[in-house]
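I've put the structures underneath this note.
Presented sequentially are two complexes of subunit A, the first with subunit B as partner and the second with subunit C.
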Partner chain A sequence: MGNEGGGKRTEFLDSDISQKRGSEPLRRTSDGRSSESAPGRRFDPIFKRPGLRPRRAELLVSLPTLLWLGLFIVVPTLLVFVIAFRPANPYGGIGGGWTLDTIRALGTPNYLTIAWRTLWISLLTTALCLVLAVPSGYTIARASRKWRNRLLMLVVVPFWTSFLVRVFAWKSLLHPEGMIKKALEALGLVGPETTLLYHPAAVVLVMVYTFLPFTILPIYAAAEKFDYRLLEAARDLGARPFQAFRKIFLPGVRRGILTALLVVFIPALGSYIIPDLVGGPGSEMLGNKIAQRVFTDRNLPHASALSAVLVLAVLAPLIAVLVLQRKNKKADIIMGEAP
Partner chain B sequence: MRRSRFPVVVTALVGVFFYLPIVLLVANSFNPARFSSRWQGFSLVWYARLFESPEIWQALKNTLIIALSVTAVSTVLGTMAAFALHRYGASRLQRVHYTLIYQPLVVPEILMGISLLMFFVAAGVPLGLFTIFLAHVTFCISYVAMTVLGRLQDFDFSMIEAARDLGASPWQSARKVLLPLLMPGIAAGALLAFTLSVDDFVITFFVAGPGSTTLPLRIYSMIKYGSPPMINALSTLLLAVTLTAVLVSQRLVNLRGGEARRPGT
Partner chain C sequence: MNTEFLEFRGVSKRFGAVRAVDDVSLEIKKGEFFSLLGPSGCGKTTMLRLAAGFEEPDAGRVILDGRDITDLPPDKRKVNTIFQSYALFPHMTVRDNIAFGLAIAKRPKKDIRDEVDRMLALIRMAEQADKKPDLLSGGQKQRVAVARALINKPDVLLLDEPLAALDLKLRQKMLIELDLIHDEVGITFLYVTHDQAEAMSLSDRIAVMDGGRIEQVGAPAEIYESPRTSFVAAFIGDTNFLEGRVQDCPDREYCRLAIAGLPGILCFNDKSLQPGQPIYLSIRPEKVHISRERPEEEPQRNCLPAVIEDVIYLGANTKYWVRAGGYRIQVLRQHARYFLDERPLRWKDEAWIWWHADDGFMLDRFRKADEGLLAVPPRSVGEPLNGK
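Moving on, here comes the complex of A and B:
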């Protein structure tokens, strides 16, 4: 998963893109639910055999992954919360007994600065991604079929490549001897003393670069389903282009925007490599502190406490968006829109 | 209604923004100059240096050992999970199952890395290739499961019924009808797992031990302390490998309907 957080996950987050692509639209049953709500009913012929009751068959196919993920996701996550209350031992391990000192240490101004910076860098990144992704998603959705596929490929392909490589590419561009610096110098925009690297702005730039495709894809998926006659109608009724865009198009693609928010903001909160490689000491984020506690101070309880904060910070927007999406879904059903 | 040209302009700029760094990086890997702003002619000197470095070969070996075993295990587990989710999707157990599988797709990687590190330390498992393997399988399962699930949702299950009606046993209909038709999906999932494993840095960084340096770990230490031109060369090679894998897997995912119905293709 070469991409810090962002990863290739968007493909799956937006079911519109990955799971339903090319398949026929969901058939809706009379109760308003899609027929896929009880998936695989016709699967029975395989599993129906004497001596293998459905329940047992279900356990047989799900237990391996349930056990694996339980052991390597659930247990470790719980452990993070437990270890936060343990003292550190001098050998870089976990000591005996319990303590609240680590949790108390989180309230120091130093950490509050880091937490605030993590928040604003993530928010700014998300906002910039949306500003760039909405016009791009719109353009791709309105392009001819041939161009649409080409453009989508262009968005997706480079970002399946190593995340580290992409960050490095920017690092060398922004380097004092790099292209961008030299170009700006030649244009007289910056002096030879200016450093472009090791600055929060560089962190935001590279984060936008990393997360932008994952913003474009869900917005494109929503824009593709949007009925553009609505925009024409708005224009006919006297709306100016920007008004029509803001009042008709944006609400029309809100689900895509929500998904995009989620897939940028959450991984952005957990960023670590980007501030580590292109940011300086003045752009450290929560992830850098966690890594420092692990690799430099060898203080696992402290790292755990910080991670616990990050887990909670990640859960908040996740739950918020899920609630919003559920509300939207209800509204859609009332208005008779397709899911 | 005349459409505004603004969105097209933004999209074009985004395209330049996306590709400029990558193109320059590839170009610079053939540039013998130490600093990228001066072009001094075409040369393969950095590639030659790269191939002389024993650390790179060791890292490549580790990466391939991990990626191949991760691909094998996560493809089997992920495919089984996709079956379970598709067949019993409505049950409470499967909802838990789905939430668990969804986890690695949303949670920042650093959290997965640190929690697995805590787990291995607490359980006394020595850090090394084995812990990297366990960590990679954990997130690869999710991607394989989601890829195969997408395929299953498009699958026409009346074909299984037909096979059964024609006298095939449940096992036969699964093996001779379902599996061949799902093969493109499973293969795409496997390729995805392979590329993800080869590429992963954050999680690997946390659970790696002495002697288990992988290529991304190697690249990271080169970026931090080493020679930039050699990273250009290594990055270009990696780009070529991952791009090929991605294009092949996209091909597989897009094989649908008529094409996919021919078993053995």
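Moving on, here comes the complex of A and C:
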């Protein structure tokens, strides 16, 4: 052999050369076509999950949280459900015995109207928020680093002011003597008799305003992780810009959209302050009714029955989404993506 | 078939102060496998994106099949791209990924199914049709990306370093597959790579790019055997550079060079250089012969005494670093293990190196920046660090 110069030195120069040359020259072989083996091994860790030990540890770690949640959320909620089946006493307390009268009273058209209104206002709010937040999230995620921070700041800035103050601000803006009303009047868009305030539309407007940041943030978070080369690929394959957006971007940020949906729809169902301040008698929601039963009528069982309905109404979509997500996740695990 | 098909006419593209592509004109023929080869940042990917429509040129036109496509958006161009990252749609199955282009074009469902089945057969992935891309290996993703692009029957297929993410063995396998696919579908391939081995083994022609400009266009052998510039010589393969000037031209074919320490080197004068002109002589390591005994004199043989400084065993051959007239020269040689009568060359041995005047080539430009491309180590191994 002619390389008695020593091993070490050979290594140094070798790496130098291989770096420059890149890959080895290629040779065609007849067996070169055989495909590489499928990555079947990746499944193993999921099925080989070790026994109960980590589970017990997990349980121990989450015990304080579970206790806290049980004591301050599950128990009170169950109490609310229980009280709904108790009669009211004339002093604003809870009487003895059990009754189904309160539940029956919920079936009256009056309540049904309010429940229906609560539902459509919440749905409309959620829909409007999503329609506004998806393009916003996309724009922020695609902005340059400098602008991205500025835009995010703008999204977060309203939180510096108390929620209540902001709703009051809207009240004065929409007031017959307020800026918006006067401006619209000057433009000839509304007559002097039109009222902007105390109308379901005002409730929806302020709700959208309030919940929009909560919708933009999760969608932005998803959009920021999205691989925008996929949009280029879609354009390359013949998709027009909007087609690429709809068929590739929206499915790509579906987790963010799902989160945003929950974050808006659930609090919207239970909103109380906004309809109370900017809505009139024609835009009362379930939250207002509950408050009225507690503070004005001093009828706790009635309030409890309404609350129970609301809790169930909130739980239903939540469970639906969780099941959906779990299904997705399961599919992802099967697809080999880390859980 | 020999007409230009995809044409860049005086195309320029800047990003801020950087001229990514600088007044490039290039003609690619129909059915050709054409490679753009160059180091990172040389503008090759920008060229590809200009062809795909992801970038608009600041100046110049892009012509496809006689039609000016410069102002067309990507979805209106009969051109498809295979991305370095594959860019498969993660929420769709392999089948839906491949069908995407046809589904967008609103082709009948049955047509789409048949076409996709045909493609799946071409890439031999019919069994993985219902998997999501996450479950595929790198090579499989690569093939899906190829099928997804080819199903649209593009006029030109653009490939952006499609093998960069694969390991060496898989890369070699995919290279052969790409070549087979090219033979099978017969469409024009524009292939971007920084890997000379890929470009050499696949291409009909190669354009070597640097600094937003094209240094040379030619068949792989042409580029390797007669590089037009020092950059090309240094970027493609290994070479030795010797600096000097033209001394005189004894006849029309050969020049005698004045190189400090190496008198009387002859070189084929392919560029009709005049005496006095400064040049770089480039000589490939595998063209230089080495032996212990002095070879016979021949009219066009350059023969120099040398001292072996390093011996590097490379498996298929051995590389010698020798010192001749103050220059470190690399010599590549097949092993001669079975010539038992010859003592192997060792460190510090004296030997002779020689090469034919036709094997060297003279280059007129060598920039400081090209030095990084040379495999010459800064010093001899074993010398003290601060010693010259």
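Structural remarks
In the analysis below, the second predicted complex is superposed on the first by the 258 of 339 C-alpha atoms of A that agree within 3 Å, B and C clash if a C-alpha of one lies under 4 Å from a C-alpha of the other, contacts with A are read in each partner's own complex, and residues count from 1 in each chain.
The criterion applied here is as follows: a residue touches a chain if its C-beta (ideal position, glycine included) is under 8 Å from a C-beta of that chain, and two chains touch if they have at least 3 such contacts.
Source: prediction; values computed, not measured.
Legend: residue contacts after superposition of the two complexes on their common chain; A:297 is shown touching neither subunit B nor subunit C. Of the two partner chains placed by superposition, only subunit B is touched by A:314; subunit C is not. Contacts of A:273 after superposition on the shared chain: subunit B is touched, whereas subunit C is not. Of the two partner chains, subunit C is the only one touched by A:248; subunit B is not. In the superposition on chain A, A:235 makes contact with both subunit B and subunit C. By the touch criterion defined above, A:227 reaches subunit C but does not reach subunit B.
Number of subunit A residues touched is higher for B, counting subunit B against subunit C. With both structures placed on the common chain, the touch criterion links A:101 to neither subunit B nor subunit C.
Residues common to the contacts of subunit A with subunit B and with subunit C across the two structures: 1-2, 4-5, 9, 12-13, 20-23, 36-39, 42, 232, 235.
Across the complex, subunit A meets subunit C through its residues 1-5, 9-10, 12-14, 16-17, 20-29, 32-39, 42, 227, 229-230, 232-240, 243, 247-248, 251-252, 254, 332, 335-337. Contact residues of subunit B toward subunit A in the complex are 1, 3-4, 6-8, 10-11, 14-15, 17-22, 24-25, 28, 35-37, 77-78, 80-81, 83-91, 93-94, 96-97, 100-101, 103-112, 114-119, 121-122, 134-135, 137-139, 141-143, 145-147, 149-150, 152-154, 157-158, 160-161, 163-164, 170, 173-174, 178, 192, 195-196, 199-203, 206, 216, 219-220, 223-224, 228, 231-232, 235, 238-239, 242-243, 246-247, 250, 254, 256. Of all residues in subunit A, only 1-2, 4-5, 7-9, 11-13, 18-23, 36-40, 42-43, 45-49, 54, 58-59, 61-62, 64-66, 68-70, 72-77, 79-80, 83, 93-94, 132, 135-136, 138-140, 142, 151, 153-155, 157-158, 160-173, 175, 177-179, 182, 209, 212-213, 216, 231-232, 235, 241, 262, 266-267, 269-273, 277, 287, 290-291, 294, 300, 303-304, 307, 310-311, 314, 318 touch subunit B in the complex they form. Taken together, the subunit C residues at the contact with subunit A in this complex read 52-54, 73-75, 79-81, 83, 85, 87-91, 100-101, 104-105, 124, 128, 131-132, 134-137, 139-140, 148-149, 152, 168, 170-173, 175-177, 179-180, 194-198, 200-201, 237-238, 310-314, 318-319, 321, 335, 337, 344-347, 373, 375, 377, 381-382.
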